[in-house]
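Below, each structure is written out as C-alpha cells.
Consider the two complexes below, in which chain A is the common component and chain B and chain C are the respective partners.
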Partner chain A sequence: MSTPAVAASAIAREAGSLRHVFRWALPVAVILLVVPWIVPQYTAILLTYGLIMAIGALGFNLLLGYTGLLSFGHSAYFGVGAYVVALMVKYLRVGSMELFLLGAIVGSVIVTAVFGFVCVRYTRIFFGILTLALSQVLWSLAFKFFWVTGGTDGLRVPTPSLLAGLATGTGDKTDFMSHAYYYYVLVIFFACVVLMWVIVNSPFGKALQAIRDNETRAEFVGVQIWRYRFVAFLVSGVFTGLAGALWVPLNGLTTPDIMHWTFSGEIVFMTVLGGFRSFAGPIVGAIVFNYLKTYAVGYTVYWQLLLGAVLVALVVSLPTGIVGTAERLAARWKKGG
Partner chain B sequence: MEVLLIHLVNALLYASVLFLIAGGLSLIYGVMRIVNLAHGNLYAFGAYVTAWAIGGVAAGAPSSLLLVLLPAGAFAAAVLGAALEPTLLRPFYKRAEEYQLLVTFGLLMILEDLLRFIWGPYPLSASELFENFGSLTIGDSLYPTYNFLVIGVGIVAAVFLWAFIYKTRFGVVLRATSQNMRMASALGVNVNRVYVQAFTLGCFMAGLGGAIVVPGQSAVLGMGVDALVLAFIVVVIGGLGSLEGALVGALIVGVVREAGIAWFPEIELAVLYLAAAIVLLVRPAGLFGRP
Partner chain C sequence: MSLLVTKELVKYFGDTHAVDHVNFTVKHREVLALIGSNGAGKTTLVNLISGLFPPDGGQILFRDRDVTHESVHGRIEAGIARSFQLVNLFDQLSALDNIALTIFSRDHKTKKLVSLASADGAVWDEAYEVLRLFGLDAKARMLAGGVSQGERKLLDVAVAYALKPKLLFLDEPTSGVSTREKAPIMDTVTSVVRSMGISAAIIEHDMDVVFNYSDRIVAMHQGTILADGTPDEIRRNEAVRTTLIGTADAH
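And then the complex of A and B:
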C-alpha cells in the first residue's frame, strides 16, 4: 500500500465507490423523507421499526461482515438500551428522548466493554456461544428480578418529548409516531449510516477487514488484533443499544423477550437476509425482515415456520442476500446490455 | 439430612436429562464440527412423540406396555435426524461455520412450529406412567419413584455410550473421523455414512432425554429452546466435543441448578451462565475439551 500508484488507485476506487453510493443513497434518502406524507400511518410506523432495526443490524454487521465474528448475543445490547430507558422512566421520571439516548449509550458502553473484554479473545464458534451465554445472563436477570424489571410483564414507557420539549406526544400518538418520531429516527438513522460508512472505510475499518481475511498476516503487519476487535465490539454494541433505546418508546413496552437469544437470531437473520458482505445489506435486510415478519405474523400462526423456511432457502440458494444478489444481477444485466 | 438427600437426587435427575441432551450435542460437534442450534427441538420432538404415544394413543394401558412405548420419542428423533443430516446439513460442510449456524437456526424455527402444527399449542402430558410408579419415602417425605428410573436411564446411557465409543469397531471409526476426517477418508472410511450415524445417534440421545422427562413434566412449546441453552452451558463447561466433559458438565449444572432453586432462586440462571463464562475464561476449551 506504500507505492503511490497503489495509493492513487485506491483513492480512485474509493471515489468511484462513493459516487456509486450517492447514485443509490440520494434517491433512497429522498424517498425516506417524503414517505410519511404518502403512505398510510401504519406503514410509516412499520418503516420506523424497520429503520430502528436497521441501525441495530448495521452495528451487528460491523462484527459479522467486517470483523468476521458471528455474535449470537446482540439482543443483550438492544435490551440494555431499551431497559435503561424504561428504568430511567421508572426511577428518575425522565421524559426527554435525548437523555434516553445518552443513558442508553452510557449503559451499552459499560455492558459491551465488560462483555467484549471476555469475548474478543475467542473467534468462530466459541465467540458465538460465549456471546450467547453472556446475553442470557442479562435475560435471566430481566426475567427474574421482577420487582425492578417487571418480569415478563415488562415495563411501560410513555411517549417521550423530543428535542428538549420542542415536540411532545400529547396529541394523537399514532400521528406523533408516524411523523415527528419518524423524522427523529430518520435523522439518527442517517447519522448512524454516515458514521458507520466513515468507520468501515477508515484505516481502522480496513484493519478489521484485514483481521477478518487473515488474522496471522494482519498481526505480522502490526495490527493489534485484540484491541481492534475490542473496539469493533464496542462500536457494534453501542449501535445496537441505540436501536434499543429508539425502539422502546415506539413499542411502548419492553419485555425480557428482546433480551432472549432468539432475538439475537433475528438480528442475524435480517443481516443475512440483506447480505452481510455489503454495506447496505443489513439496512435493506432489517427493513424487509420487519415487513416480512409483520405480515407473516398477521397471516398465519405458523409464521416461525415460514420465516425458518425463508432463512434455510436463503442460506442454501442466495448466501449473498438481497443486496448481493441484486448487485450480481445488475452486473450481469450491464454486461449483457 | 433428608432434605439434602432429596436435593442430591434432584440434582442427579437434572444431570441425567442434561447429559443426554448435551452428550448428543457434543457428540455431533465432536465428529462433524457442527453446532446444531435445532438440537433442543429434537429433544422437544422426542418428548412430544412419547407424550403422544403414552398419554394419547395408549392411555389406560398397563404400565409395562407404557414402559415399552417410552423410547418411542428417542427412535422418532433418531429417524428425524437421519432424514435431516443428508438433506439439509450435508451441503454445508464445505462452507463457513456462519452458514451452518444459520441453517440450523432456520431449522429451529421450522421444527418449533411443526410441533405446534402437529400437536397444537397446548401442553401434552403423559403423567399416567409417572403416577403408576407411585412414590417412596425418604425420611419423612414422599419422593416419586419414577425419578429414579430417569437417573437409571441416564447412567445406563452413559455406560453404553462409553462402551460403544471405546470398545466397538464403530467407535474406532467414529473417533478416527473425529480426529482427522481427511485421513480417515483416505484410509477407506465412508465419512458420509459416519456423519449420518453420528448425527442419528446424537438425535437419539436428545430424543431419549425428551422421552424420559415427559412423564414427569408436560411437553410444552419452547422447551427445546430452553433446553438448548442449558445444554450449551453443559458443553461449554465440559468442553465442546467431549463426552466425559458432557457428563461432568451435566453433573455440575445439575448440582448448581438444584442449589440455585433451593437457596438463590432469583439468580439461579445467571449463576449458571456466569459459571460457563468463567470456565471459558480460565480454560477456553472447557474442562475436558481439546484446545
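And then the complex of A and C:
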C-alpha cells in the first residue's frame, strides 16, 4: 500500500475510531452498571425510564439528525410497541418479556412500513404533517375502540418474566424494576446504542447523511433516495417501538396519551435538547428531559409551564444542545490547553 | 460511432421551447464544448440527458441503448455522470467523504447497514487516489463547504468522475472562479478525462477555455443547434460569429 493510501485509510479509521468512542463510552457504561447499587431505587427507576426514552430518541434521530426528516409522529411507533405488549397480555396471556419484544418489533415493522411507504415520498413540512396526521389516526383508534384498547382507561400490563422465566417480578415490584428490569433495559440499551452507532457509521449511514446534506447530489451519485429514506424510517420506527415495549411493563399501564402528537413533541424536544447533530445527543437529552419532567411534575401543578420555561431557556442558551455545547467547550479547552 | 445520440429531443416550459428538436451527439473519447448565450438550452439539454427531468418528446440513446425513460440511477449505471453549474456537494462531509460516499454508492455498498464504512480500506484508498488526481489530496480532511470556490468546482467534477462514467457532463466548471484559476482547473479536468479515455461534454461561456480545450464545439441558440464543428470551423462560422462570439477575430 502506498503512503497516501495509508493516509486515506488512517483518516477514515480516525473518523469512525472505536478507541475514540470507548474513551467516553466506557466510563459511562461503568457508571450505568453500578447505578442501582449507589442511588435510591426511585432514582434508578427514573433512569430506567430515561434509558428507554433514549432508545426511542436514538431511533428518532436517525431520521432527524442523519436523514434530515423531522417526524412529528413517533408517538405512533412508541404506542404500537406499548399496545402490542398490552394486547398480548390481554388476548394471549403472554407474560414473557422476550415475546413482548418480538411482538413489538413485528408490530412496529408493519405499522412503520405502511406509514413509511406514504411519508418518505415527501420532505420538510409535508413529511412532518403527514407523520403527525397518521399518528393521530392511531391515537384516535386507541381512544375510540375502547372495547379493544380500554379507551382512556388504557390497558394494564403486569410485571413480566425476564430471560424465559429466569427472573420474575413476583416479589417487591420496586426492587425488581430498579435492579433486574434496570439491567435488562440496560443490556438492550447498550445493544441498541452499538447497533445504531454501526448503522450511522456504515456506508448506509453515509448515504443517509448525503441525502440530508444534498438530496439532488445524492441522487446524482446513484443513491436511490426513496429506498434509503424508507429503510431509515423503518429502522427508526422499530427502535421507537422497542422503546414503547420496554416502557409499558415499567409503567404498568398504557393509555392513548402516549400516541398523542404531544408525546411526539416530547421525543422531538428531548432530541433537540441533547443535540441532534451528535450521536450521544438524543441519549443525554432523553435522560435529562425525563428527570426534568418528573421533578417539574412533583414540584407544581403548573408543571407544563415550568418545564416549558426551563426547556426554552436551555434550548436558547444551548442552541447545539447539551452534547453539542459540551463538545464545543471541550474543543475550546483542548485548544487553549 | 457515437457514444450518445439524441433524436429530435424536445422540452417546453410553457410557451418557451427550451430544447427544440435537438439532434445532439457525443463521440467516444472526445472533449466537447457546448456553447451558447444564457437561455440557449445548454443546461436544459444536459438536464434531460442526465435525467433531472423528462423530455416532452424525442429519444436519448446511450451506447445504442434507449435511456429516454431511464431513472437517474439507471443512467449513472449506464455510464452518464454530471457536475453542476452551482456547485453541488455534501458540504457537511469532508472532501474525502464526498468521494468515498460516491464510490460506496457506485459499488452498491451503501446497502450495507451493519458494517463500518471506515473498515473498507479499498474504498478509502481509491477515494484518496481520486482526490490526488484532481490535486485535492491536501484538502482530504476539510469539509467540502470549507474549501475555496475553485477547489469546490474541482471536487464537484471529482465526485462525478468517481462514478467511473463513460460520459461526463460538466456544467460551467470554471464559472465563479478567478481568471487565474480557470486554466489550472481545465488543465486538470481535461488531462484526467483524456488519460482515462472517457468523453466529456463541457458547458462553458469562456471562449478562451472553449477553443483551447475542446475537440469539437456545439453551439446552441434559442433551443436549437446553431453549429457543430471543430474549433476552427466554429471560429469561422458566420452564424456563430454574429450570434455568440461577436466579430471573434481575436481567436
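To be clear about the criterion, the second predicted complex is superposed on the first by the 317 of 337 C-alpha atoms of A that agree within 3 Å, B and C clash if a C-alpha of one lies under 4 Å from a C-alpha of the other, contacts with A are read in each partner's own complex, and residues count from 1 in each chain.
As a working rule, a residue touches a chain if its C-beta (ideal position, glycine included) is under 8 Å from a C-beta of that chain, and two chains touch if they have at least 3 such contacts.
Given the structure is predicted, the values throughout are model-derived calculations rather than measurements.
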Touching partner for A:Val137 - first (chain B), second (chain C), both, neither: first
Touching partner for A:Val272 - first (chain B), second (chain C), both, neither: first
Partner chain in contact with A:Val221 - chain B first, chain C second, else both or neither: second
Which of chain B and chain C A:Thr152 touches, first, second, both or neither: neither
Which superposed partner A:Thr174 touches (first chain B, second chain C, both, neither): neither
First (chain B), second (chain C), both or neither touched by A:Tyr302: first
Which of chain B and chain C A:Gly128 touches, first, second, both or neither: first
List of chain A residues in touch with chain C within their complex: 1, 4-5, 7-9, 11-13, 15-17, 195, 198-199, 201-207, 209-210, 212-214, 216-224, 228, 231, 235
Touching residues (chain side chain B, partner chain A) in the complex: 35, 37, 88, 91-92, 95, 97-99, 101-103, 105-114, 116-117, 225, 229, 232-233, 236, 240, 265-270, 273-274, 276-277, 280-281, 284
Contacting residues of chain C [partner chain A, same complex]: 50, 72-73, 76-77, 81-82, 84, 88-94, 96-97, 100-102, 104-106, 109-118, 120-121, 124-125, 127-129, 132, 137, 140-141, 159-160, 162-163
Chain B-facing residues of chain A, complex: 64, 70, 72, 118, 121-122, 124-126, 128-130, 132-134, 136-137, 140-141, 143-145, 261-262, 265, 268-269, 272, 301-305, 307-312, 315-316, 319
